[in-house]
Amino acid sequence: MNPRDRILAAIRDGLTTPRPEPEAIAAEAVALLADPDQARPRLAAPDLAEAFGIKATALGTTLERVARLADIPAAVGRYLAAHGLPPGLALQPTPALTDLDWNGVAVHQGIAPDEPAALGMALWGIAESGSLVIHSGPETPILLSFLPLHHIIVLHEADLLPHLEDYTARMTGQAAPRNAILITGPSGTTDIEGSYVRGAHGPGYLHVILVTRQG
Amino acid sequence: MTAAQPSFKARAEAALADRTLKLAIDRTTGNAERKRAAALAAFPEFEAARARGKAIKDHVIAHLDHYLEMFARNATASGAQVHWAADDAEARAIVTRICLDAKAKIVTRAKSMLGEEIGLPHALADAGIERVETDLAEHIIQLAGEHPSHIIWPAMHRTREQVADLFREGHNPPPEAEDPATMVQSARRVLREKFLGADIGISGANFLVADTGATCTVTNEGNAELTTTPPRIHIVTAGIEKIVPSTAHAMALLRLLVRSATGGELTQYTTFHCGPRRPGDADGPEEMHIVLVDNGRTKMLADEFREMLRCIRCGACMNHCVVYRQIGGHAYGGTYPGPMGSVLTPVLDGLAGSRDLPHACTMNGRCQEVCPVGIPLPTLLRAWRSRGWREGLEPGAVRAGLGLWARLARRPALYRLASRIGVRVLRLFGRGGWIGSLPLAGGWTGYRDLPRPPGRTFMEQYRADQARKEVRK
Amino acid sequence: MSGQPNPRVGLFVTCLVDAIRPQIGFATIQLLEEAGCVVEVPQGQTCCGQPAFNSGDDADAAHLARQTIAAFEGYDQVVLPSGSCAATMVHGYPELLAGDPVWAARARAFAAKTHEITSFLVDVMGFRPDGRRLSASATYHDSCSGLRDLGVAAQPRALLAEIDGLEMRGLEGNDVCCGFGGTFCVKYSSISNAIVTEKAEAIEKTGADLLLAGDLGCLMNMSGKLHRRGAKTRCFHTVEVLAGLADGPAIGEEDRG
């Protein structure tokens, strides 16, 4: 027998309980997640944006609100200036961002190993935990979220979801991307004597620009 | 474990004598305990979440063959290559062969306790491949040439001063200062080059998601993504018990895992890896290999240790263990330390070589109390003691002593007589209310005084009282 | 509440109380009688079997389980001044005898009426001590088996709160093991010593006159360490204080009888 068959046979030998049909197993699996509110934290505030903000900032993420996408270049310019960074950054190659008028901020594509700052977009935000969701794809290089020291993420307020399960529900029936990542705060480590240091390998700074209006 | 290694007791003695180690343990476990308590206080639904997490793991274990086949099918459909390894040697051989076939020179690795369990670091070295540990703690212990002493904080036995010494030697240029922030920056700089120059990235998995075929890693540093994205090949090694039915089930367990491990709610990065780079993807590996490892797990499934398969490797049991907090992780001698390690090490290394581990426990039950999936760790440790007893592994003196005591305890009248004699003999060794030194009881009186018994046992006094009452009637 | 005002109670003394501190047994009888129980001490008892159970010697442990059940199952209730021995009976016996067609049911029935003394007084008898006075400060250590296996935490504190003049002080790490662990403390004596040293430091930090706990094994460990360190803390089993015996000799103080 090959290792696969040996392992599966050993499992079947070890399991003495009756083996139900796959449909019954699937139904049991679904039932395990019934009434999710009983077993998950309540939101930090009734309003999704407020709840998200409370959780995100508690982790060291900074947050600002702009009315529309067109306000982003100015917001980015202010952020870079406030952190003493040169007025330029790597940009996620997605039309929603590349089509903006970047007058005054030198944007470029491609991410250098020591990129000072980069701007990307989140697909969703999760209010429960203050997390941002990104999926890999042609317009979403994963390294854009990990190489820069300052990571700025644009999130539409309309894309805020209450709980982690609301994200998984959105993905049901969809093809899973190569990488789906929940980003919850800037990179950190407590590996030296338990003392918290930001910017271990990933970004030391995470800034969210919340866009309140669509279009 | 080989005979040449010092015994558990010798390792424990060395650890107890090391005050720097104690300081390091107290700092990290104390912090972890406080943060976990705060996270639970802010999550009143934790008990319900724990019951759910336990039920999810039990469900998966009861249908493990079904879910493993589902996972393998979906992972293969995503473009990943799935390998099966019955034991550590097979797992090492599979990974090494992939590395050699790819002519890999540099392999980056994101912390994985399974990798330690199967001896991957040594196997890569033996194959002549440069291994770069990217988790900061693993980087520290790689520089020190050590093994992890904790499953969440592998370098928790090292103080900042000791880390500074290691970085001064191992980083070029050395860090400019010895504060943690500067040292972390130095590691960031050193490892950044390695991430981008690696041929292969190896990670573990916190979950294997059956219905998508994705593997899930959780890190706070972001090293898993930097390990798995730039190289041409991503290899995952994972135990077969890591399966969950769906991403939503993984989320339910993540809420338990992170709070129990670090007191956070989610780690900074929770990443699902599903197959290699897709057509048009901006980055990602061209190949993904998943090695599913049994290594004793199907054996546990079939015997009294099945419940141990629920373990999600949070480390809460060791953070709350009075023994771990005195001796640290290395004294245990296995891949996994603390209470969970004392259950697992006999599975992995054999009971004969690790007989002390299930005994070096006060059975106080705190590990079970904090376990996010309700594993009855004391019961499982006792199961190893029973097996050791049945297999005759207990030292002869212990067996003889206990046997003599049991023969007495089976005969109440004789037992009462022995107690009466016993307390009278014991009294001879003390003065006043205490016995300061007692032959054959140095384990007690070497460290603490023994209350000196009064001249008569309870039973003697009680029976005398009863007799007097009878007379009065 | 049991609904039974005067249950017949079989007292299991425990081997440590029998040999080292008989007064705890008599204090237990006194409290049970005050609460309205009719107390007997069956002579068929020896040890609950915990040393064998925790050493993996299941055959001897099962033998002692059967012996103890046979000696006690005729009583309405079984009470012990020890959470650890009680936990062995409540959880260990049914586990040890689970595969035995005759004894499994008897073990379960026996477990259902077996109690640690303070939880029995409060939960079953609804007992509150009356007219107690003790001018002292005390701190309380939660012995692990009683706390985690039997849920003994609020009951001893509720009883102690009835004593006028007794000031209870919080103990840091009150629910952390003292390092006794039965045979653990002699098999791994240096580890046990490190644990009990931290416990003694925490006790001394409270500055309390008295250390109270519900298990003599833990009390011997902690009092022995405190005495070796030269601490003046006086150690008693909870029932001794409840029975008004805290004016007499504490553990390790020269007995007068």
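First chain written, first letter: the chains are A, B and C, and each begins at residue 1.
In the analysis below, a contact is a pair of C-beta atoms (placed from the backbone, for glycine too) under 8 Å apart; a residue touches a chain by one contact, two chains touch by 3 or more.
Bear in mind that the values here come from a model prediction, so they are computed numbers and not experimental data.
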Line, ring, star, complete or other: which describes how these chains touch one another? line
One chain pair leads in contact pairs, namely A-B
What whole-number Å value describes the gap between the mean CA coordinates of subunit A and subunit B? 30
Gap in Å, rounded to a whole number, between the CA centres of subunit C and subunit A: 53
Where the centres are mean C-alpha positions, what is the separation of subunit B from subunit C, in Å? 32
Subunit B - residues contacting subunit A, complex: 24, 27-28, 31-32, 42-43, 45, 48-49, 51-52, 55-56, 59, 62-66, 68-69, 72, 78, 84-86, 90, 134-137, 140, 153-156, 158-160, 163, 180-181, 183-185, 187-188, 191-193, 195-196, 212-214, 220-223, 225-226, 229-230, 240, 245-249, 251-252, 254-255, 262, 265-278, 280-284, 292, 294, 298-299, 301-302, 306
Spell out the residues on subunit A that touch subunit B in their complex, using ranges where they run on. 2-4, 6-8, 10-15, 17, 19-20, 22, 25-26, 28-29, 32-33, 38-42, 55, 59, 93, 113-114, 128-129, 131, 136-143, 145-147, 164-165, 168-169, 171, 176-195, 197, 199-203
Residue ranges of subunit C touching subunit B (in the complex, touch as defined): 13, 15, 17-22, 25-26, 41, 43-47, 49, 51-58, 60, 63-64, 67, 71, 95, 144-145, 148-149, 175-177, 179-182, 184-196, 220-221, 223-225, 227-228, 249, 251-255, 257
Listed in rising order, the residues of subunit B that touch subunit C in the complex are 9, 12-13, 16, 322-323, 326-327, 359-366, 368-369, 379, 382, 384-390, 394, 398, 402-403, 405-406, 408-412, 415-416, 419, 422-423, 426, 432-434, 441-444, 446-454, 456-459, 461-462
